[in-house]
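Here it is, the structure, as structure tokens.
Just so it is clear, A, B, C and D label the chains in written order, and each chain counts residues from 1 on its own.
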Amino acid sequence: MLTYTLKRVLQGIVTVWFIATATFVAMHAVPGDPLANQRATNEQIRLNLEQRYGLDRPVSEQYLVFLGGILRGDFGISFTQENRRVNDIIRENFPVSATLGILAVAFAALGGILLGALTALFRDRVPDLAIMFLVILAISVPSFVVAAFSQLMLVDINAYLGFSLLPVAGWGTLRHMIVPSMVLGLGTMAYLTRLMRSSMLEITSADFIRTARAKGLPPARIFLKHQLRNAVLPVVTVLGPAIAAITTGGFVVELVFAIPGLGRYFVEAVQQLDYTVIMGTTVFYGAFLVSMVIVVDLLYGWIDPRVRLE
Amino acid sequence: MDKQPPTYRDPMSRLAVRQLLWLGALSLAGFVALMGALAWASSITGGSAISGRAVDYETKTITRALAQEPPQLDSTRATDQVSIFVLGHIMEGLLRYDASNRLVSGVAERWDIRPDGATFWLRDDARWSDGRPVTAHDFVFAWRKIVDPANASEYAFILYYVKNGEAINGGQMAPEALGVTAVDDRTLEVEFERPVGFFDKLVAFAVYLPVREDFYDSRDGRYGADVEDLVYNGPFMMTRWVHGAHLRLEKNPQYWNRNAVQLNVIDMPYVTSDTAAVVNLFKDGSIASATLGAEQLDDAMKLRWKLGRYSDGSVFYIDFNFRQERLTSNFHLRRALQLVNDSGELVNKVIGLPGYLPAVSLFPIWLNGVEGPFRQEYPPPVVTPDLALARQHLERAKQELGVTEIPPLVLLTGDAPIANKQAEYFQNLFQRTLELEIRIDKQIFKQRLEKMTSGDFDMVAAGWGPDFADPLTYGDLYASWNGNNRGKYNNPELDEQVRIAQNALDQQTRMDAFGEIQRILIEDAVQLPNYERGLVYVEDPRLKGVVHRSVGTDPDYSTAYLVENP
Amino acid sequence: MIPAGDAPVLHVKDLCVEFDTHGGVVRAVRGVSFSVRPGKTLAIVGESGCGKSVSVQSIMGLTPIPPGRITRGSAWLDGIDIVRQKIVNGEDVRGNRIGMIFQDPMSALNPTMRVGDQIAETLQVHRGMSKRDAFARAVEVLALVNIPDADARARQYPLAFSGGMLQRAMIAMAIACEPDVLIADEPTTALDVTIQAQILELLKELQRKNGMAIVLITHDLGVVARMADDVVVMYAGEIVESGTVDDVFYRAAHPYTVGLKAAMPSRDTSKAVSLLPIEGAPPDLFRAPEGCGYAERCSHAMALCGPHRPQRFEVDPGHHAMCWLHHGDAPQRVDAVYRGGRT
Amino acid sequence: MNVAVRFSPADFAPVVAEQQLQSISRPSLSYWQDSWRRLRQNRRTFASLWAVVTLGVLTVAGPWVWRVDPAVQDIDQISQAPAWPSSALIVPSYTPWVAVTAMPTRQGDAVTNLRLAESASTQAVRLVWEPVVGAAGYVVYRSVYNPAPDRALGLPIGEVLGADQVSFEDRLGLEPRRYWYSVVVTDENRAEQEAYAVLVIDAVRTVSAEDAELRGWVEDASALAPGEQIGLPYHPLGTDYLGRDMLARLLYGARVSLFIGVVAPLLFVLVGVVWGSAAGFLGGRIDQLLMRVADFVIALPFLLFMILFKIAFGIGPGESGVFPMLVALVLLGWPSTARLVRGQILQVRQEGYIAASQLLGARTGYLVFRHMIPQTMGVILVTLTFAVPSAIFTEAFLSFIGMGVAPPTPSWGSMANEGIRTMLSHPHELLFPALIISVTVLAFNLLGDGLRDALDVRMRGRE
């Protein structure tokens, strides 16, 4: 177990290095001038800026400096927010994205498992059809449409009620988190519901379920102890990639609901060609995802004894 | 067997559903607990509580949204509108604009502007938020910082009017050589590089704000990066800055004119550039003002909002590339394009937002001339769309260029929605009228700037926002030496007029020069004016006295007040 | 028939099961009746797909419905028809009064649950034991089925068990509540030969101890010979012959039984008897044959075998066969031809 | 023994065992036949298959059927909702209007005699009024609702400075409908008076003959006399923010969106299949190396790198930006397929029947085509089907953050993105593209589900 974990962590480090390199290469292939400004400035200033950001050095040296920075956990100074370090930006804004992401994943996982189980129980009957219809709707409508619509609906609901049931946008309190995390988790929830449903149906015809029934266990117990638990396993395996998709896919929700997350910073940084912020966020996200996948894999081993033994 | 055979499914599902409901309830509880924990955790890491209401009469609080996060609030490096808006509230320069857009005394009590320099006498009750007096040294320090090339200030050029400013910025002189001295704590003496007739307007601009040296040095390069990295001398001070999320301004008790400030708190807990979200927030009663896009007008009318409009001062136009190898260096081609351009159609039919005005000149309508509005004193030559004439010019252009068919022209544009709309409109317009093929080159901001600088375009959709309320903020854009003249227009006649406008002290002479510049720009078809940007906004009816302006702090809440029952 | 006083503990009557499939309705079980006495073993023998497993599974309510459907018949346990009472008392019967073990122990146990817990579960449900008591009892039962180091084993997951051990665990699970009837559905098919013997021995031993009845489903006549008191031979969803193990083995009254026996390898290697496969394949039950299902493969088929379903003839007391050869008018009697064929 | 039927001795005549072959009443189905049968049986899947085919046909043939140029801007019918065809009145071409002045003689809070200078049309609405002494200027408002009783004047469409300026021309986005115009007096501080004058007008849709010719509606402008009616171009699904035909744009957009949606997955699945099967077959070191690379690529945060690649490749002038998006999708998309295929190949290689086939002397080529490909084909096909919706979504998402295809190329994503802004005022601009995205995604998802059920070997024989 320990060696396995160590091996995975080592692999993860190499992967992060690869991500860093890919980001660096991509960034330096980008046409455009990160130091250009709306108002023209003189040569001297340009030289100073290049020096400040180390752009005057050869690319190989810049690469080494960049890698060195990563090792020290220092991503440099932002190009657009000249007084702020990328580390500060990540430190201040990532927790927001992470909070949103965790809630969305929790919502997606719980909702997906429950709804999936329900649909499997009521296979081909009204609840199944109703849920699957909604699931299909959630899967096939783009997230930005869902986000915009839910905000509009919230405005109308608040207007109808005459008081603010849930805030329309913003961040800070528990009430602010509910709708954005649900919107963010919706697609994944729909996906997990489908996965859970097919996994449940597969388990229904498994031999050990027949055994459990032959043992005369009450249906609820069979369902809970045998069916649900085994059906959840495949759902857990996709949780790693799902967390990845959710945390990096938060831009839209962050934009629409005015949430100060890291995703928004990334999009803004890309539009401003803010080298350090782009590279810093990408590497950070990459490292986060890699560690997330490792954690989920280890978690999976803990849940599924079959994996643990291997 | 007529009886339905028994099945195991029904009781199974009934029981299981009960179980499932239990699980659901449990996970819901868990979910809420998780949210609670996260909310608690984020409150530790500096999350923010939102008051939630647009206007609170009791506490004299208003809530509004910010379009974006200010990159930093170091006035020596601020360039964007949001920073300038915030700085306009938390800082005060030598002079400021009042509610009627007249220049009035700020930190300076009196001032005297001469052809060779200026003197400012500072008021003795001007204080920083920590109680220390605002002195002339604070201005000297800030201004030196701006022209210091090590500081890489984008706005350094605006201090080139001060003696040696340009030389220092180019690295040829030390910052200490800047022609500004603190005669004593209360007196600031400025030497000009060349006569400047509008220095009073310049010092009202955010870049000329004071910065206190001891404080700046104590922040170790982080001045303006955070709420504790600033000291304030304006009507408000910042009490909270959660990056990307929340800014909160509160009345500055040390401000000399504190009695005139009526609002206690300006809370800005929303940062979003999404206009729809902002309008939704307003609709929900969470914020006190919102700017509307064309697409929200119908809804606004339906909701019977009281709308206002004003011009934000900027002008948008299409620039040509005048480099020799480019077809657009040909006058007749440009003239042909100019003759089919109908800014009225663009604004009225395509943009469709009331605040916008069809542009007819580089100089916007709000600029003042000698006595009255500049454009009334110097009406721009009228270009009436004339397709037949345009085709004639196109034929001549083809002859002069020696081509039978004009090759595709590249129209460089940005990635904002309205820029797309505009580019697509022009593509279709030139295709429809002159059968010219236009290739749209849509680029993100920095890539567009690079292409503009390197001349990789035929036409580019550009715009310019005013830095100070003098026609010169536009007037020198096409001077051959101006770095912002990215199409490299080079016309000695125009250069001559720019020099006159820059150096003359007499307003009549200067305005005549601008009139000439305006004529040249239109007659030589140097650019195609598109629109003067305007904004349509809605404000909470309880909020009064907010000032909107084209140049300077916009909107300005320092004179705003609340009424209980509108 | 069945001697008085030796009342059957489980009595199945005229059971019919159908399945809906894309090809049509498969009539998998067509009027099956059998009974099993306490302390005795009934073997149900037949080729794969002849409806053995379906019969017992549908009695236990384990047939997936739909596509499965019990169209007719009853199964009496202590005066209760468990086919009809399944909903109400199913849990009391299954696992409690009737235990069941399956063919493939590898997949028949929940891979994510400790073996001990899976056994204890039955006890918790049927005996209302606390979790701790049930687990302790599970360990005892594991020891009872000869699993060494039962205490540690009970805490392991099925993955840590070998096939034979898993089947023992399965048995432990089935007998934990000391059922009246144990249904063993091909309990040894997936196991290798040495383990097979152990498992069978274990079953016998448990039967001696508990006095339970065993319904043993198998296609292996060797197993039958070793274990069974009574035998039921199934072919194409029907019982073609039933009787005591001696009846069936020594006085086989149906050509199919005879064929089966001929196909069985003898343990007595001194006799160099070549195995005789039964030619052909069982009929497709999508279209159940009108007459005798075996007619097409039967070397003694007569003209009436095709169109007419054979009657159930009592060959000896308690020994029945469904074959026209036992009809009074038949030219030759099956016993004359085959009886003692292998002895 | 009941013997209900009496038999004749003939009945008991032995039948010669002729070993007739067992007749099998169930048809024997090959793998693909069986899959096809399952596919057809699943009505949802079959319907979605039809939907996909229809989409394909629309994409290819649509622009030939609905022959409207998606680039043509019908400036007179901007953001028009789906409606019946309409017509316009021919009027003389627009001539600029000289502002009217009048010396104020009358005191008061509001202007009087607010009236039209000429009849109101969609070309222009020209208002004049009687001035007020002491006014610094006038603000003109326009609304589509009655401003009474709460003085909701609507849009502030213009301001004139000077008490003597008594006219205003409105040309802002006029539509043929009823408008309420209000004029308010302002003082020196540009503060508005409470009182206002209001005028209700009904604008008539007009067009000048010259414009009609310029837009290609008629051959010759002189054939049209003022006062005649001319039919306007018909837009069955309405128009977008530049007056372009929605139906034509949707049909052309299908080419872009479905091209990206179908070709990108095809390409990356192809790369993945080659990569994965190479790894699976060659094994050993090469396998390790290939799969390590795949692991790296799969670890890249997808959307972030999508954006990075998108700007790194850049879009040149006049290019649609489809190609960079395609390349980025392929670069990031292949590893999952490669992994899957490798896994399948490894699994299949271990199957007993492969060994059996090898024992029987089958050649590698035969093994690959007879056993391995059919075995992996199902998985590949399913992956492909599910990759389509995600590629379409990726395109839409990139368009939403402004990194999609370049204008004026229409794509469903960019259309939806444009539409979302006008969601409230012109819902059709969002509705149609969003709907077609949803339908496409849905169809491919359901098809994928069905295919998986149909092709999954484990599902065979189970219903």
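To be clear about the criterion, a contact is a pair of C-beta atoms (placed from the backbone, for glycine too) under 8 Å apart; a residue touches a chain by one contact, two chains touch by 3 or more.
Being a predicted model, the structure only gives us computed values, none of them experimental.
Enquirer: What pair of chains has the most C-beta pairs in contact?
Expert: Comparing chain pairs, contacts are most numerous for A-B.
Enquirer: Going by C-alpha centres, which chain would you call the most central?
Expert: A
Enquirer: If you average the Cα atoms of subunit A and of subunit C to get two centres, how far apart are those centres in Å?
Expert: Here the centre of subunit C sits 54 Å away from the centre of subunit A.
Enquirer: Go ahead and note the Å separation of the Cα centroids belonging to subunit A and subunit D.
Expert: The computed centroid separation for subunit A versus subunit D comes out at 26 Å.
Enquirer: Roughly how many whole angstrom separate the Cα centroids of subunit A and subunit B?
Expert: Those two chain centres are 34 Å apart.
Enquirer: For subunit D, which residues are shared contacts with two or more other chains?
Expert: As it turns out, subunit D has residues touching two or more other chains at 311, 314, 402-403, 420, 423-424.
Enquirer: Subunit A: which residues touch two or more other chains?
Expert: 30-32, 148, 152, 205, 213, 218, 255, 270-271, 273
Enquirer: Please set out, as single numbers or ranges, the residues of subunit B touching at least two other chains.
Expert: 8, 11, 276, 415, 443-444, 447 - these are the residues of subunit B that touch more than one other chain.
Enquirer: Spell out the residues on subunit D that touch subunit A in their complex, using ranges where they run on.
Expert: 295-296, 299-305, 307-309, 311-312, 314, 389, 393, 396-397, 400-403, 413, 416-417, 420, 423-424, 430, 434, 437-439, 441-442, 445-446, 449, 462
Enquirer: Could you list, by residue number, the parts of subunit A that touch subunit C in their complex?
Expert: 205-208, 210-218, 221, 225-226, 229-230, 233, 303-306, 309
Enquirer: Spell out the residues on subunit C that touch subunit D in their complex, using ranges where they run on.
Expert: Listed in rising order, the residues are 20-23, 67, 279-281, 283-284, 286-287, 295-296, 298-306, 308, 311, 313-314, 324, 327-331.
Enquirer: Please name which positions on subunit D make contact with subunit B in the complex.
Expert: It is residues 71-73, 75-76, 78, 96, 143-145, 150-159, 171-173, 189, 214-215, 241-242, 311, 314-318, 402-403, 406-408, 418, 420-426 of subunit D that touch subunit B.
Enquirer: Spell out the residues on subunit B that touch subunit D in their complex, using ranges where they run on.
Expert: Interface residues on subunit B, with respect to subunit D: 99-100, 275-276, 293-302, 304-309, 344-345, 347-350, 352, 354, 384, 387, 408, 410-412, 415-417, 420-421, 423-425, 427-428, 431-433, 439-444, 447, 457, 536.
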